[in-house]
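Just so it is clear, A, B and C label the chains in written order, and each chain counts residues from 1 on its own.
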Amino acid sequence: MAGDEPPPLSDSDPHQHQTLKPPSPLNQKISAQKRGEDAANEAMDKGGGSSESDSEEGGESGGIWAQIKYEALQDAEAEPALASYLYSTVLVHPTLERSLAFHLGNKLSSPLLLPSLLYDLFLGALSASSTLRAAARADLRAVRLRDPACRSFNHCLLNYKGFLACQAHRAAHRLWSQGRHSLALALSSRVSEVFAVDIHPAARIGLAILFDHATSVVIGETAVVGDHVSILHHVTLGGTGLEKGERHPKIGDGVLIGAGATVLGNVSVGAGAKIGAGSVVLTDVPPRTTAVGNPAKVVRGRDGAASRLNDVPGESMDHTSFISDWSDYVI
Amino acid sequence: MAGDEPPPLSDSDPHQHQTLKPPSPLNQKISAQKRGEDAANEAMDKGGGSSESDSEEGGESGGIWAQIKYEALQDAEAEPALASYLYSTVLVHPTLERSLAFHLGNKLSSPLLLPSLLYDLFLGALSASSTLRAAARADLRAVRLRDPACRSFNHCLLNYKGFLACQAHRAAHRLWSQGRHSLALALSSRVSEVFAVDIHPAARIGLAILFDHATSVVIGETAVVGDHVSILHHVTLGGTGLEKGERHPKIGDGVLIGAGATVLGNVSVGAGAKIGAGSVVLTDVPPRTTAVGNPAKVVRGRDGAASRLNDVPGESMDHTSFISDWSDYVI
Amino acid sequence: MAGDEPPPLSDSDPHQHQTLKPPSPLNQKISAQKRGEDAANEAMDKGGGSSESDSEEGGESGGIWAQIKYEALQDAEAEPALASYLYSTVLVHPTLERSLAFHLGNKLSSPLLLPSLLYDLFLGALSASSTLRAAARADLRAVRLRDPACRSFNHCLLNYKGFLACQAHRAAHRLWSQGRHSLALALSSRVSEVFAVDIHPAARIGLAILFDHATSVVIGETAVVGDHVSILHHVTLGGTGLEKGERHPKIGDGVLIGAGATVLGNVSVGAGAKIGAGSVVLTDVPPRTTAVGNPAKVVRGRDGAASRLNDVPGESMDHTSFISDWSDYVI
């Protein structure tokens, strides 16, 4: 594959290998995350053209890419069986963008969709869009912070099919927005086969998203997902029938959707709301409330008022504390 | 693969490429669908042997295959990155049967199950059975008509893993009926791995079926699915235990089964019934009624009578209008 | 691959091919199973080091491996299209361990994780651990006895992705226990992609386990599953949030968990309990009771007392007989 690779688009530090440093503490990561996401949101707000640039971020120092290389080198030293895999997937690449494009290209390729074609597609999208670059970093940080089973950024980059499916979707969505529908659909179809994550390329997905486990996630054409959202496996954001227009859910910022939840129709799940595992949601859910059950109802306190959440469920990942409010939950 | 290909079994128009025409309007498609399905049902009713013929349908003019080639050519011209893929998967083939056999053979192959072996298997089944040929066309039309996200027949043929899994199942079911159990099971096992659609090869599936999204669908050995049925992803038609006999659901014509629904046991879901998303169905559902919830109950009006559906849910794809009848649904 | 193969670690009968015999009756299998599982449990109880040996079980006579070879030979004779596949996957191998390592290595390989590397890993784990060898046999017997759709041990070995995912997990868990975390996670990530079965390598899984259909199963890091458990597809044993410690379910011996059930948090599902399909379980479930619904409640008789199960649900696989006790289940 190396032979297919175009010359680097940006200055990358040739001494990067030598200058790898141990990770900075997690709280520095968190403030870095806030900065990164603010910048990405800003870029998104500016809209398409003006926020695009033609560089990768190989020159970043002390950022997430240096951390990933450090982690991969540690793993390669500790586990010789993985060394060759880690070198060709991570360590040989000058930038996160090239590593990600290489990894996605390999995973999504088929006998008739060559890895080199897909590599060029993904690298092209990442090189042209600062939004995609920022989103990849914000998603890596979201996974690392919110999933206690995630041991390192490198672990997420290599092994989280939810993360990989989301990055592939972002590239497919860009193609869709450029009117390249058949290519976008071919990509999303491969993602559905390889990762069992089925996101229509027209769906709009925000930044700092965690798709945890991710198997069987289905997100329809007119769905919108805000920022800082966490979505577990088996979740459906589905449509309601034959009509062509807006027919899928709109998920606000900071929402948490539990495993196996099904949200159907052009309904709104308000910012900071939480959908319990296995719920079936067919109407709007107010912001900062918890909806559970089949059909889903808002959890209410003993005074009958909807219980209000004070945290950001998409980040605090608290799946079950509502049980104490769920007055008829006894087993 | 071309070298493996036996000579065409039927006259195909050598000028087909030159004579491709823009699509006829959708309403012509619909009447074509009715004719096609009637013919297929007729063929099915005649039973195995008498309905089989040894030809493909390459000579059909103005049919779905000409339409698919037209769409693939349009896509190849608009998207050079896909041209080679579209040529080898669609445009180079004289018939829908060869294109489908080639596509399935590639997708389901493994290092030890070669694409050429699978190509021969699928083409053999399609060439020998007019039922399989009619079913592929009826399914293509069902997807195109019922899924507003389906942009073209070509899109369905190439990208819908539910459609592809269903065609592979039809071939596996034919092998099963011929007593070739180990081969049928090997095929269905590959379908479960590649498409995450697990249909036992003994299950009987009707015509004009939409498996929408399709991830995680599980259909057991003694299940029967009628015609004009639509089944969403995560749906289970499952068994009840250790007994060997009839132990899976029988789904009537025109039924719609929503995402994540689980139907267990040798129960009957009557023609024209609708199963809401996430429902757990353990007993019979009367025809033309709607069952929702866990455990599922029939939706009733304020007078206590079961609400009767007047449309064909499997075709109208109306997933949520029952909410107005669902008297205790408030969020 | 044969060239990569280390010399046999144990005496295997060079005349095994000639001495294949028809299967012994199933009731002999059952007592063999009991003996096999008792030995395996004993090995497990002794703990890690002392229960490990460096031999395969190629020399077993009349055991499950001879049975598998007999079945594969029958299939190869009856179905020439599969002969080459059956030879290279089963018949050419002197032991079950080599066949399984070869099969898993092929299925889980990728362009950057070569089949030979994975073969060595799996064979190494199986050769070193008598627990893994006993577990593979106990799982084969569990599938054969509990799934009426399973026609032969060979069918299970070749086609059941739940069985294969479970064996791969057992090897990954061994690597995890040895501190080889990055390799264990890389393996489990491939299992999640290839089989859509996502089991954290730290999760502890007992013996004689049936993962039926298996698509979309998710089992978290601190989950524990006892012996003689049957788990259907779409089942989640999930966590509850950000905390790092014990946060996943503990499933007792003999439990049956129905399709689509979600069990969340550090809760206990008592030995011999049954979880109905589609249930959402958020609190402890007492032993020998049945929990159903969303949220799940224990099924009680008309006297209000919890109905007690007298069989072992994980083995009797009775998914629906509780309906008669479920007083408000009417459709």
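One rule holds in what follows: a contact is a pair of C-beta atoms (placed from the backbone, for glycine too) under 8 Å apart; a residue touches a chain by one contact, two chains touch by 3 or more.
Note that the structure is predicted; figures quoted are calculated from it, not measured.
**Q** Could the interface between the copies chain A and chain B be described as same, meaning over half of its residue numbers are common to both, or is it different?
**A** Mostly different residues.
**Q** With a Cα-based fit, what is the angle in degrees between chain B and its identical partner chain C, given to the nearest 5?
**A** 120
**Q** Whole-Å distance, chain A centre to chain B centre, using C-alpha means?
**A** So the centroids are 31 Å from each other.
**Q** By the touch rule stated above, which residues of chain B touch at least two different other chains?
**A** If we look for residues of chain B contacting two or more partner chains, we find 196, 215-216, 234, 260, 278-279, 294.
**Q** State the interface residues of chain B toward chain C in the complex, per the touch definition above.
**A** Counting only chain B, the residues touching chain C are 110-113, 117, 121, 180-183, 185-186, 188-189, 192-193, 196, 198, 200, 215-216, 218, 220-221, 234, 236, 238-244, 247, 260, 262, 264-265, 278-285, 291, 294-298.
**Q** Could you please specify the touching residues of chain C with respect to chain B in the complex?
**A** 75, 78-79, 81-82, 84-85, 88-89, 106-107, 115, 146, 148-149, 151, 155, 158-161, 194-196, 213, 215-216, 232-234, 258-260, 276-279, 292-294, 316-321, 323, 326, 329-331
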